[in-house]
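By written order: A, B, C and D. Residues from 1 in each chain.
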Amino acid sequence: MNIVLLAGSIVGSKTRTALEYAERSAINNYSDHQIQLIDLAEHDLQFSDGRNYLDYEGDTGYVTKAVMDADIVIIGTPIFQASIPGTLKNLLDLLPQDGFRDKTVSMLATAGSSKHFMIPEQHLKPILGYMKAQIVQTYVYIEERNFANKEIIDDDVRFRINRLVEDTVTHAKAYKQFQKEKEASYGF
Amino acid sequence: MNIVLLAGSIVGSKTRTALEYAERSAINNYSDHQIQLIDLAEHDLQFSDGRNYLDYEGDTGYVTKAVMDADIVIIGTPIFQASIPGTLKNLLDLLPQDGFRDKTVSMLATAGSSKHFMIPEQHLKPILGYMKAQIVQTYVYIEERNFANKEIIDDDVRFRINRLVEDTVTHAKAYKQFQKEKEASYGF
Amino acid sequence: MNIVLLAGSIVGSKTRTALEYAERSAINNYSDHQIQLIDLAEHDLQFSDGRNYLDYEGDTGYVTKAVMDADIVIIGTPIFQASIPGTLKNLLDLLPQDGFRDKTVSMLATAGSSKHFMIPEQHLKPILGYMKAQIVQTYVYIEERNFANKEIIDDDVRFRINRLVEDTVTHAKAYKQFQKEKEASYGF
Amino acid sequence: MNIVLLAGSIVGSKTRTALEYAERSAINNYSDHQIQLIDLAEHDLQFSDGRNYLDYEGDTGYVTKAVMDADIVIIGTPIFQASIPGTLKNLLDLLPQDGFRDKTVSMLATAGSSKHFMIPEQHLKPILGYMKAQIVQTYVYIEERNFANKEIIDDDVRFRINRLVEDTVTHAKAYKQFQKEKEASYGF
């Protein structure tokens, strides 16, 4: 399968740091899959102007096509103004309405304190659900104090990221199985 | 598997009507499973007083044990005051914190208008997720105008309920498969 | 004005403890107002069966009428299953659809950890808004560790409760002013 | 007072059309106030890179300063992917954390169907509350079928926009009164 780890912010380093740890976890355990980390900070995206994603060129075309080609998307996001950043929402706006159909999507959030723990649940999941994602229910929420020198310094957080990667891949496999059973039941 | 269809309200007939249709759909297609419709209107539940569900007797004990014994729960709910009814929330309060762990849970909502379409997404899903349910993302939302004489009069609604039942069962099967694979990978 | 402090749970003591502190704060500063603490734990409420609140007798009739007669309602609630308790939701179900019209309503929540800080925002405010409340935006969220021996042991929490009471009353006064201006502009 | 009407999208015409109607309503009734319509489609904004809004130049600096100088902000937004557009969220990210402190903010949403009626409540209000806005509870939600030839063709919608403008200004006046009373009580 094709795994994309998507860092949804252009500010700060913590989401990137956490996703890099997730990427290494994926490489260690799922080296037979394609694994790609895309950091919005490294790409110069346009604001969605309503066109189909295939009609964008340059970085906007590159990133949207990479996400659309994925079977699995692990979204990393900070919390800005009690919600997801405009940069991440803009990327989601660039994708089709059902852009996550048949994709397994999981979430990893970084934040200043635990007060915003419910934000991925309340702001991001409903968007992913609307876009038809197969959502991994449990997400990893990492607080500022779990980072130092661009490393995760908390064993429990590392454990939870490893488990998130594993659950996401297993979930995607189970979903493929679910699809096969459904198709079989219709005699496709 | 053990399928419980749960009508979460003690007022009105529409949620019950919709769940009865879902029950017939389940019986027609999954007669090898146990199928039970529980309507809170037919049971005299206490308010949760913080005890473990096993310590309740009478209707409260009966209903909570039936839900806890299920592999699949299809929750039917009306929308009251822009959220789920107190009767349904009270039942959820009676269950353990992780009461839906390893259960597949799907939702069917009835409402006066389409304005409250997002309520199951925003009010019920986060609760189910907190209780560790495997949530079927797509839910069936039925408006008052789709009912007449305690029957669903809209073919599309009937089609969507049939598909909800099918997706729920297929989802539960895929989840069992997911669990087996996880256990196998750990050598359990 | 008529101020009701409403403890929305029948389990535990922390919400009651916090509301009692708020009640003392109200008595100290607004002794010219009517002030009443209603604790659902002391009343035997029925589940809402769809009737108008005026048609209930006994405790259900008493509590609903007391809330409907209030100009100000300060709701105290614990967090159960990542939302408000069924007992509180049931009380709200017992009230008319626009039961908080022209009332100023504020919130005080108690919880085990700061992870559920957004629950009053995401679960309770939309219900209050639907019921036409004038909502005091800022709420007081109190964690378990801020209590000992049925007292609040944190000065900052006490300060925030005092401020909540003050803001709620000032907000209610400003709203009365707002109404007067609106009526004047229509020549009522 | 200084009233800004903010069109939060760069795609489509309906939000702009609705805000232009609101602008005319404001001009007709509150000509003694400063009134300005800012349409993000007419400005080339950068993505927030974490700097203070005063450090941006060009369109980004212009728009953020205009919003920060407002006493009243009427936000117009379409619904994209079951939430607010990335363009609007980016503007909010550009503002300080408490950027709406002491400002009265109201909302007007345009959408394809009534199914997303709760999105302003669930996605936008919590952000505005976090940013310390004085939120006008009731918002105007306008469906596609209420527009034709870049005009609002529904009398009820026009009535509701007029009332929104009026309520927003009256709310702002009442809030100024609330502030005065608070300051007086502290002897400022």
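To be clear about the criterion, a residue touches a chain if its C-beta (ideal position, glycine included) is under 8 Å from a C-beta of that chain, and two chains touch if they have at least 3 such contacts.
These numbers come from a predicted model, not from an experiment.
Undergrad: Does B-D or A-D have the larger number of C-beta pairs in contact?
TA: A-D
Undergrad: Please identify the chain with the largest separation between its CA centroid and the CA centroid of subunit A.
TA: C
Undergrad: Which whole number of Å gives the spacing of the CA centres of subunit A and subunit B?
TA: 29
Undergrad: Between subunit A and subunit D, what's the gap in Å when you average each chain's C-alpha atoms?
TA: Roughly 30 Å separates the two chain centres.
Undergrad: Taking the mean of the C-alpha atoms as each chain's centre, how many Å separate subunit B from subunit D?
TA: About 39 Å separates the centre of subunit B from that of subunit D.
Undergrad: Mind pulling the subunit A residues that touch 2 or more other chains?
TA: 82, 118, 122, 126, 129
Undergrad: Okay, in this complex, where on subunit B does subunit A touch?
TA: 118, 121-122, 125-126, 129, 132-135, 137, 166, 170-171, 173-175, 177-178, 181-182, 185
Undergrad: Across the complex, what residues on subunit B touch subunit C?
TA: Touching subunit C from subunit B are residues 10-12, 45, 47-50, 80-93, 95, 97, 122-123, 126-127, 129-131.
Undergrad: Which bits of subunit C are touching subunit A when the two form their complex?
TA: These residues of subunit C touch subunit A: 82, 113-119, 122.
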